[in-house]
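Letters A, B, C and D mark the chains in the order given here, with residues in each chain numbered from 1 onward.
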């Protein structure tokens, strides 16, 4: 039986791709060695830098986000190099696993998943490393599995305070285009991004924004690399081209996405995400449920993970919501599997779609018999409604 | 400044066109004299009959809905013929105006717009017409300007009881595919439909479902006609073709729309609309506002018109909602201009989109300073939430 | 079995709709009473005037081309009015048939279909009509069934020379956007156009470009009209709106089409069509076949009708071409059914697509065993190839 | 100035993406952890195997083709392993370069680019390698830079005859879906494919079809890998899922592409490519130019590289063709830069489009003043025209 109406894709990415982007991609592929392509190439290469706030090169890979993690590591590091990572959640853990597979020696600071990175712990570990064995600090800006963000400036300051020369690498896959981020200003060496979240594109592109210190490191780095190698990419990118076949149709979409973000204004984009996140947390609170992130300063504006009451299955709730209301919510991953569900409120979203989303959750909680109060949507609406107009 | 997110088009038509239909239309136009076209032609001609529940011909015009009104009149009537119409609202009044322009003598029974047709009044008028001067009774099934429906079976019965031979013509522009309708079973002679409401298509197609008595009448009818003439249409349609260029790309969409309605099941489609209408009325009631339709039996499942508190402008509210929440509501028309606004809940809609819609109205009422209570969305959710699952 | 590759739609309309237009139409329908719509409405209403070269109103109907014929007649004429028409081919004959159905008295000058209108015959008939019984002269600019054009300026001059006050109405359905046309400059009173040929849109829109004399005539005209009535249209169009539901998605496409024609430049568009028509005629000549149009001055730039050798079926050839090469050619209509086939070379076309088209015809002639020589494509290429570059 | 008509993308990939595939991709991205996705995942994973004719796993990477080269190497080999490669052209040379960057020891058999792999040379080298230092033989099935194919069965036989246990890896990026290929039957261990050629998709997906011997090798292989690792991919693919975010919208297109190839029938697809290639070579011959590939048995059915007369620039010709006829041809690469141009005739192509393509080349040769004869298109048409029908 057909289900009427538009599916609500409220996972924390991929996000709802706007029609304008889908339509921009729905065009014949062009010759990737033509002048027309070069104009497109230059446009997206420059454009995406304004989103990362990176004045240096941003490498665009025709590969989904995980690839850009690998690229950041293999371009800057050598076999057995030590890297400092921090367990903010599932994705930080996956990055660690990748680093180990690639032959790196990972120092993984344990975290409880309910907050972002503790910058002081980073600083302490670096201070202890008098031999400077640690070559890079890798942190996740917005941990998609938990809805906790990390204060990247604080990490930078802790690193600076320690006087340690390690590179700083930051994963912004689920924060870019949703939460303020500043590659240059915050002194990040490699920023790792993807297309399918705040950039509102389908998955298939990923990014390395690269600072000068990372470029230097890449010249000495001895991890083997070819597909991911920055060197040829950056060199060929200068003309608007790519050393191997780019994902042209996704680049059409990227050009459109960059325009759309600037048409709205990045600050407006961030404010909108902040507003929707606060409305969502007020709904969670009104339902009598618990936001998984326990540190207010770490609340994510991209998504909200919600802790289920003990003994209740998050996955059963998600299935109920999907079956009854045709809405997808994010699942809890690994350590918090079935214990949390995640509401994505990032990307191309407005107040009424958020209200519909929270309505779906509230009805789903009732329908699935999860102990909770009504009134979450009302609380969100109370917050979202602007002050009455004076007449 | 770009506004993020998807526009909510909650007017009572055109409705939100599903992606699947837009994509079906986004194809090269084909030769309208080819075998491939004939297969398409037969498919849509047969398919649309199942939606009208009409076993006779359904003429498809490459023209928007108003054209099909004209077609119904010019194919069956002669200059100065008397027709009986009933003032259910703005659209019934426009149909009358058209009939007069076409040289017909309209007997227009006045109504107060807050209910559907009073079948007994029709019956009485017909009984008085012993000379059978009245050649047709024309009524609107669902008056889009008011949100009041008419009991077509009751009209039929009143006509039958009067023993009067007038034709029965029914406008189902905003009910077809939303509210149960049965051309054959209810003894309708001409049914007038359009593409842009329950059929979920863009505007540009309209329909005359034609019964045998209407076919007979058309043979004697002397109003001039060419573009709208049934005769050549029906004859050429037999082979899957059209006598002049059809709106091929809209026919692609129509084929898809018919499939989609049957995939969901027409009875499910009607039940869904009834459920959404009831939820909407509960919201209106909770807001302390008044549903414009005063007769429960006449409540429309396609749209709900809401009466504004005295002294408050419906158009100002609509503008507030559009500006603040990127949602379009229907305006009050002519007699009720600025006094009512209309919430469309027809076409391709699900619970969470309806919840978002009602949230936009509720926030808009607050923001515009319209005296009203909160809690409308909550009332709707309470109604929409299925009984909790037993576990 | 699937047939690989892109279908070649080389009928004289509908033409190949460019992706850019299809994609422009592949967007959600908007509220036709909104400010956003008004901007669109104004844009297309003004834009389309630049294509007709008409400074007065251009009425846009949400109906396919035949409707605009009817509109031209019912807005300007009264029952039993005499109109002068000229048999240039199938479509002129259909227009006559329509006029008769609408109650007009048609004086139909016979023609042999192999040339355009003989302006002197028009002049003579008007001079004879001392009582000015003839109210309008209706001619087809480019007769789609024959590939013969008419010199509209010559008709105008003949009318002026006769001192007769009849209106001049011109059908440009298959010439607009392909062959130079100037409503104002040529003194036309009503120009009738459609969307699916030179405007490169799918069928579903049609046009009346209206001059001041026609406006005056409409005030006295007594043919019944409502859907087609100019009066309310023109009045409501002033604000960018339409009196009844417009075909919004086709209007999206129209806005794009007007932009595209101006981006290329109308004079370039006409020169391109002239070049492709000449190349096609050279191919026909090289094949040893006969261009149906016998008057060089009347050669159409939109299409070329080709006469089959006696005893050979044009429809069989067309079917062979369709089956073997997935290309649609136009059929001969009524008087020339099965005796001519028509090659459409209008709309969004380039040299290599034309070369492919002619190749399909040449191979089809061979395959179907039609007596003919090879070398048509070569002749076309010889003509199409620019002079070698000097180096 | 806008250029009218459809661009002819006649490079040897990316190829012209059919509307049906573009439209399939023009849909909202879905949750990649949902049941709906799992059905899609299973469909494409199974489907693509039928194109590779591989009964084992086919790994689908959300990355463009070059990535799949890297994947083949890093999954099966260890640092300093020796691999035997063969210089068939630019792409074979790039693969060699990649292997060296990844730390492999490449034995690169020199070739003159004008033929495919000499299988006897492979056999000889393997026989000499009594110590079995060579771990893999890597060859390109269809060298996109030269239009020469390699007889993979002959390579297999030579390997078998030598009794050498090296793996056989084959790049089918520009042959898959155009030229017959049989992973299982031909005893290939790893086949490397991409989306943007015979599969008719935009770039962004690539493939490793994997045989059992390669799976075994991967368990011992010590090159570092994470993103490209088969192990987790194959394990998670079993459920229809992917270990990291897949390129969902490209997978929509892939499902459609597989259906389309089977609707046409793979053998018909190959026959069509063979026919178009032969027609193209006849045109080249008639022009008095030289097909770059000198070995008839190596002629590619995907593309034809054409050698320019001495002293004439291929790139200038290509620019002339692009500027005058809006058609893209492939450039000569590295060793043959500016000396050859390449005509792509693979993917979704029919006879009339090929005829248009060859017309564009023939006119371009004239226009650019390249010494050549006319008559190439005619020669192609003579070949393409089926025998006349008996009547």
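Just so it is clear, a residue touches a chain if its C-beta (ideal position, glycine included) is under 8 Å from a C-beta of that chain, and two chains touch if they have at least 3 such contacts.
Just so it is clear, the model here is predicted, and its values are computed rather than measured.
K.L.:
For A-B, which listed pair, C-D, B-C or A-C, repeats its interface with over half of the contact pairs the same?
P.N.:
C-D
K.L.:
Please state whether C-D or B-D has more C-beta contact pairs across its interface.
P.N.:
More contacting C-beta pairs are found at C-D.
K.L.:
With centres defined as the mean of C-alpha atoms, identify the chain lying farthest from subunit C.
P.N.:
A
K.L.:
If you average the CA atoms of subunit A and of subunit D, how far apart do the two points sit, in angstrom?
P.N.:
Taking the mean C-alpha position of each chain, the two centres sit 35 Å apart.
K.L.:
Just the number, please: Cα centre separation of subunit C and subunit D in whole Å.
P.N.:
Whole-Å distance between the two chain centres: 45.
K.L.:
State, to the nearest whole Å, the distance from the C-alpha centre of subunit B to the C-alpha centre of subunit D.
P.N.:
Those two chain centres are 54 Å apart.
K.L.:
Which residue numbers or ranges of subunit C touch two or more of the other chains?
P.N.:
6, 16, 19, 23, 26-28
K.L.:
Within their complex, state which residues of subunit C touch subunit D.
P.N.:
Those in contact with subunit D are residues 1-6, 8, 16, 18-19, 26, 260, 263-265, 268-269, 272, 320, 324-327, 348-357, 359-360, 362-363, 366-369, 374-375, 377-378, 381-382, 384-386, 388-389, 391.
K.L.:
Could you please specify the touching residues of subunit C with respect to subunit B in the complex?
P.N.:
Checking each residue of subunit C against subunit B gives 6-7, 9, 11, 13-17, 22-23, 25-34, 61-67, 69-70, 79, 97-98, 101-103, 194, 196, 202-204, 223-227, 229, 244-250, 322, 328, 331.
K.L.:
Where on subunit B is subunit D touching in the complex?
P.N.:
19, 23, 26-28
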